[in-house]
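Structure, as structure tokens:
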Amino acid sequence: MFDKEFLFGASISGFQFEMGGKIIDPNTDWFKWVHDKYIQESGIVSGHLPEDGPNYWEHYPEVHDLAVKGNFNALRIGIEWSRIFPRETFEAKTLEDMEKLADKQAISHYRGILEDIKSKGMKLMLNLNHFTLPLWLHDPIKVNRYGDFSQSGWLDDRSPVEFAKFAAFIVREFDSLVDYWSTMNEPNVVANLGYFQRESGFPPSIIRPELWRKALENEIKAHNLAYKEMKKFTSKPVGIIYASNWVDGDESREDAMNLLSWYFMDSIRENMDFVGINYYSRIRVVKRNEILEGEGFKITWKTLPGYGFACMPNGTSRSGLPVSDTGWEVYPKGLYEITKAVCERYGKPVYITENGIADGKDSLRPYYLISHLWSIEKLLEEGYDVRGYFHWSLIDNYEWAKGFTMRFGLVHVNYAEKSFTPRPSFLLYSEIIKERTTEKYKEFIKYPHALVE
Amino acid sequence: MFDKEFLFGASISGFQFEMGGKIIDPNTDWFKWVHDKYIQESGIVSGHLPEDGPNYWEHYPEVHDLAVKGNFNALRIGIEWSRIFPRETFEAKTLEDMEKLADKQAISHYRGILEDIKSKGMKLMLNLNHFTLPLWLHDPIKVNRYGDFSQSGWLDDRSPVEFAKFAAFIVREFDSLVDYWSTMNEPNVVANLGYFQRESGFPPSIIRPELWRKALENEIKAHNLAYKEMKKFTSKPVGIIYASNWVDGDESREDAMNLLSWYFMDSIRENMDFVGINYYSRIRVVKRNEILEGEGFKITWKTLPGYGFACMPNGTSRSGLPVSDTGWEVYPKGLYEITKAVCERYGKPVYITENGIADGKDSLRPYYLISHLWSIEKLLEEGYDVRGYFHWSLIDNYEWAKGFTMRFGLVHVNYAEKSFTPRPSFLLYSEIIKERTTEKYKEFIKYPHALVE
Amino acid sequence: MFDKEFLFGASISGFQFEMGGKIIDPNTDWFKWVHDKYIQESGIVSGHLPEDGPNYWEHYPEVHDLAVKGNFNALRIGIEWSRIFPRETFEAKTLEDMEKLADKQAISHYRGILEDIKSKGMKLMLNLNHFTLPLWLHDPIKVNRYGDFSQSGWLDDRSPVEFAKFAAFIVREFDSLVDYWSTMNEPNVVANLGYFQRESGFPPSIIRPELWRKALENEIKAHNLAYKEMKKFTSKPVGIIYASNWVDGDESREDAMNLLSWYFMDSIRENMDFVGINYYSRIRVVKRNEILEGEGFKITWKTLPGYGFACMPNGTSRSGLPVSDTGWEVYPKGLYEITKAVCERYGKPVYITENGIADGKDSLRPYYLISHLWSIEKLLEEGYDVRGYFHWSLIDNYEWAKGFTMRFGLVHVNYAEKSFTPRPSFLLYSEIIKERTTEKYKEFIKYPHALVE
Amino acid sequence: MFDKEFLFGASISGFQFEMGGKIIDPNTDWFKWVHDKYIQESGIVSGHLPEDGPNYWEHYPEVHDLAVKGNFNALRIGIEWSRIFPRETFEAKTLEDMEKLADKQAISHYRGILEDIKSKGMKLMLNLNHFTLPLWLHDPIKVNRYGDFSQSGWLDDRSPVEFAKFAAFIVREFDSLVDYWSTMNEPNVVANLGYFQRESGFPPSIIRPELWRKALENEIKAHNLAYKEMKKFTSKPVGIIYASNWVDGDESREDAMNLLSWYFMDSIRENMDFVGINYYSRIRVVKRNEILEGEGFKITWKTLPGYGFACMPNGTSRSGLPVSDTGWEVYPKGLYEITKAVCERYGKPVYITENGIADGKDSLRPYYLISHLWSIEKLLEEGYDVRGYFHWSLIDNYEWAKGFTMRFGLVHVNYAEKSFTPRPSFLLYSEIIKERTTEKYKEFIKYPHALVE
């Protein structure tokens, strides 16, 4: 049973949703990355372009109406750093200097979005960084193709300060409209996919583990600094949103948990009022014969194919569980376990800030939704302090290097016409929110392969 | 747009739903057929048994509550002839004689079911024969194995009269509780699958086209006679429920339509107040080289594999359309066409009395529902007199020779526990009934492969 | 190691190979069966017709040349009873009476075929009955459709005598050209598929276990009688060709072996000089809850789907083994086991008289061939008295109810042009015959999934 | 019909075949590349290692015996530059200086290999570079990970001279044993996959089209220089082996042919005595909207997925043709077309120096072999000067970044035991070589899906 204070909503980000209308934002690392002809030709990215997206920038009232219709009492959105500061802020010393550099139209437009959410009676979580960096801070083509690190994003030691300046500026600007602040979304993914696991197509897509480590360190500094600056202007909770991996497997799993899930959050534990958990699937590991080791890290495990994120799309995992369009195993137990572990380790309130599935046919999503919500309900019964669930996502959107082929929405988007059609899962989610329990659907929880016996 | 008088409901039959509790009915041809060890061993039937069914006999209040929950304003159910008359009625001359032979407990139990439906505010359509015949009239094992035609069902020339006696008896008994009467369900399927197309496993499963014809003639007589008898006791509309085939293909399609869809209904056109259309998929034909001909029929076409009912389960039809668990192509256009043709040919009110899909995963049903309802909505806009839609079915049930493997329910049945869990489609159907239009989901109508582009 | 006396060849039958040219034989039960329009329409048979076959009747020299090219030292063929005696022989009392009824042209043509084989230096095994019966003895349409048992084949108690008369006649006629005689091919399959397991489409396709038993008894009598008659005219070995099932599973397997494999052969053990084993795949059984029992038989087991003959075509069995186009698991161990058991039980010389695979792509046949031959080689090493191997078959042919879709040939047949093209397996078989060992290919024996690791 | 001078053989290279025993060669770019832990972890390479290979280094007599057994009259092998010169040769001015740096044991061992081929009566084609470069010339990890171009292989302007020195040295050493010399194998693939199409995992795997161009230019210089030096020491024909792409599609195909197939060979046309064509599948292109342009190149087309090299493994191409384990469409027409075009453009003798298929089950290879050989036969009939066919390959081997999963051998390799087992295709190839025509198998040429109709 979810009490009536429990937040039910969905998460939305900037780059993946905003474009699709007249107003485009070409000033991010990702925008340059996905438009680069050689990057496209080499097969690293899909070739789809964010400017063909759902156009949340103009259609936000309609999207918020869908949330209301779905009985949501909360929404999480993001602000694009590059829209507020399209040009570099290195020289700005004060918030007044920042103000001069800020794009007034962008600020005003975002204000409209935030106000609309509040006027529709929903709680608002605002996140300040979701993967993209301003191009003036990070040019991934320079890094990837020419080995030119002059705009190297989180590798640049100036990045923490610049981020903190941006964060403070936004808090001062919008605090009255916001209920929960988050500094950044999945900083670990940015570092990991950018500098180590190349197959995901994340910029700058180079394999140098010491840079992975370096980026991680600057992200930690950035969070800690931003937290302190933000708290000067707000009494609202400030947290972080993290890709909280649940690792199972042999004895090497502990090392993996430490590096993937605990290291970062341990380093900011004093500076977070809540933890946002993003969970999609598990990781299964076994001990590796030859340890990968470098300055500041030691990898003693390897990922087992056929489990968790390492499955064949639309197949069945080695545990016999269904697999999504992205090749991710449906594994609700992992959400239960990681949330419990985070609650116990940090003693902070927890929000599930992302959880969802790429499922164009909407054939697995109903089961995914029920079984993951049921896991939360179980945690609540056991007394864990989980306070909200934001599904990823309300509408289909731009799935980074994979473009528009992966559909995570409760609501289908017709990109050509920018029209929105609820999938059956949307009705199901609305119903569960209304009932505030998965009780009525508990039957399906037993059947891992959705409704088939 | 469906007006508020338009009936939205579901159809339920006797044999497929009632058993599952203590009260079983062993007195039908089908019961003996599916229990026969040799019929089981030879692979003709699944081996599943109706006494493991959903137990509607006892759980009807719960099932009716689900209908109410789903915003239904109508329900169609059936009465089992064999329950009312477990022993032969050949000698009975009057309804008083019939009364003596009737099972009082069965009558009383059915009354309880009917009253519950009415008390929950729904219109009630009552159908008097749904495939099964009393064993005293039809013993399919005798016919199939021993060539003994002494209990040969519709082949027996006494069958029309016996049916009419039963029909009159029931109308006299229950007319005050009923809004729409139907004599029989899909008489054409009973004749066709029993005496011609053996692969369906319908009793008595022998291949003799002249018997197919014979059975059809007695069914026609039975309907006409029953209609007349029933009208003596009721002022409510009396109709028929027919498996209305939509045939497309080359020039031979007309012959096929005549034999499969028009011949029967033309022969009863004076004796029907409405037409009930059951539609699942189409039939595609081409002219055959060698005509099949016999007394009273001439088959000039053959069915094209890869279309309509002749597809591989869970695959894609040759027209690129999705295919259900039973191997039936999703083809909403066929519902539109056959309904239009029936409206124009007979000028009678039409009810869609069955329409649905075997889809254990509930991955095609949402699209199936939307696209077929949309077809009806289009007919209404064009002024055709369609007055109701009964989905097949509200809950999973016993799918004849295929047993419990084929799941047609908007609501999942856990047969072991007799528990009922709404599938996402149930929510979708409820929503459409509430809105009285498919407008909100029209996006999906464009995409034949459900929601995938 | 196979010694140089070991027979390597292939098996050929009448009905499946002979037609395709001008000379057709319409006088068999099977011919009428597969031409019946209602049997075709109901989906029991493929609709393919034997008169579109490979035309062995005229192309035999070319087929025999292929055998020589493939290093064969033996060939098994069959004689069609209906060709020699197109009209009934009930009245004939002596071989002289028989002679008057015999078709001289057919005799002369068969003589040409036999002489050609001998002139090409191959040993000849001649089999006298392969499924088909003369229409005057068996009209399956009468039996199936009208319950008219006046021409009921092996159900007719006159059938054993008629068969023995035919057998004696043929032996007297052709003994000088023949090296090994066989009375009949797979009598158990004729009885089993005709009267019990209906899904195979064998005439007369009715389910009455007591008739199964009856047919079996008459076949036993026919063999015993024929053996005695034949021995009057020949000193060559006379044997039987049997579908020797290898059954594994739980304790019920013994009952199954007794009924399926031992009962028939035990009843003729005094009257066989050798045993011909036809082996394709295994049968896996479990005890059934409710025993099937009738006069003279008791079935205590049921077949497990997913093993042996009960697999999905072109898939993988539940034991992880590859499955052929007919849905038969590749299981060489079964050939080893059944052959060993037959050797030990009867102490007679054994010939593998059929063994092969429907594999249009020739992708499993190489492995099938190697692994089954290796099983024989192992038996030889262990001292078992196996004397020959006849592959089924040299060329593609008419696979009964399945028509031309199932291709069992080492050599591909283009049916339109009656042209013959060796598959790679043909080369492989030729090579093994030349080497007289599978030694060189023993690597592949380890890999059940052909050559893939 | 192939005349008796026509060369039938197979091609073998160094890095992919030699290792597997005690003698490993760690001194190549590829060796370092596939051993790098981060390159392995990122999923760029398979993780398989060449030192687990077939060990041709020690097993060459057995491999050559297989060739003899298969009726081959020719073999193509390669020499590893890094084995002869494990240390840099920049300072060497004369062949005498080179001699001092050369590894005597390696020379002696290669001599043994060459002598064995000659002693077995086969013609020998010797190729001097097959993808791998000595590590002293190319360190791909430095380039990829650290942007350090100090050992950059073909990007280094000293590379042409060093290669020519090596080539001259080898010719002087081995000319008496060699019948045909080739400078390098598929230089275009090295440049293209290394600097442009990253998904193949070729070192150094960076995307910079101007480097692609640069590498190509140095390879051209290297060939031209080497040709001249080699001719000083030999009167045998000296040619090149090229990945001769056949491009079809719209009007942009001409640009693609020019860049991919003609540019390189036009630049060396004066310096080649024959052309070696490597052909596996086609490339299908359409015009691209935005042209990719850079210094010295202009790409006006893009590859169409679903054709040629861009297919799903083991599926069916958009043209309905079968696809191999590597995802390459079986398209024999392309071999015909490219060979014809090369013959006409250059007027030089042509050898098919590679042609084959990754097909672990050996289910497509028979058809692949027949249909491609038939294409050559047709060219011969039309009078084109094609003089030999070397299948890729005689035995399974190390398929670069894909490791041992892709099996191209006519003969299966058990890597654990270093044992060799002929596949059925080996027998087929041997048979065709003996017959010197595909005539007997022409039936299969009609059926693109191997032997299935």
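Letters A, B, C and D name the chains as they come in the text, with residue numbers starting at 1 for each one.
Heads up, the rule we're going with is that a contact is a pair of C-beta atoms (placed from the backbone, for glycine too) under 8 Å apart; a residue touches a chain by one contact, two chains touch by 3 or more.
What you see is a predicted model, and the numbers here were worked out from it, not measured in a lab.
**Q** Farthest chain from chain B, going by the mean of C-alpha atoms per chain?
**A** Relative to chain B, the chain whose C-alpha centre sits farthest away is D.
**Q** I'd like to verify one number: the distance from the centre of chain A to the centre of chain C, where each centre is the average of its C-alpha atoms, in whole angstrom.
**A** Inter-chain centre distance comes to 66 Å.
**Q** Need the CA-centroid distance for the pair chain A / chain D, whole Å please.
**A** Here the centre of chain D sits 45 Å away from the centre of chain A.
**Q** For chain A and chain B, let me know how many angstrom lie between their CA-based centres, rounded off.
**A** Whole-Å distance between the two chain centres: 50.
**Q** Can you list every residue of chain D that touches 2 or more other chains, as numbers and ranges?
**A** none
**Q** Report the topology of the inter-chain touch graph, choosing from line, ring, star, complete and other.
**A** ring
**Q** Spell out all pairs of chains that touch, sorted by label.
**A** Listed by label, chains in contact pair as A-B, A-D, B-C, C-D.
**Q** Would you mind writing out the residues of chain C in touch with chain D in their complex?
**A** Of all residues in chain C, those touching chain D are 360-363, 366, 407, 412, 414, 419, 421-425, 427-428, 431, 440-444, 449-453.
**Q** Considering the complex alone, what residue numbers of chain D touch chain A?
**A** These residues of chain D touch chain A: 37-39, 41-44, 144-147, 196-199, 206-209, 290, 292, 299, 302.
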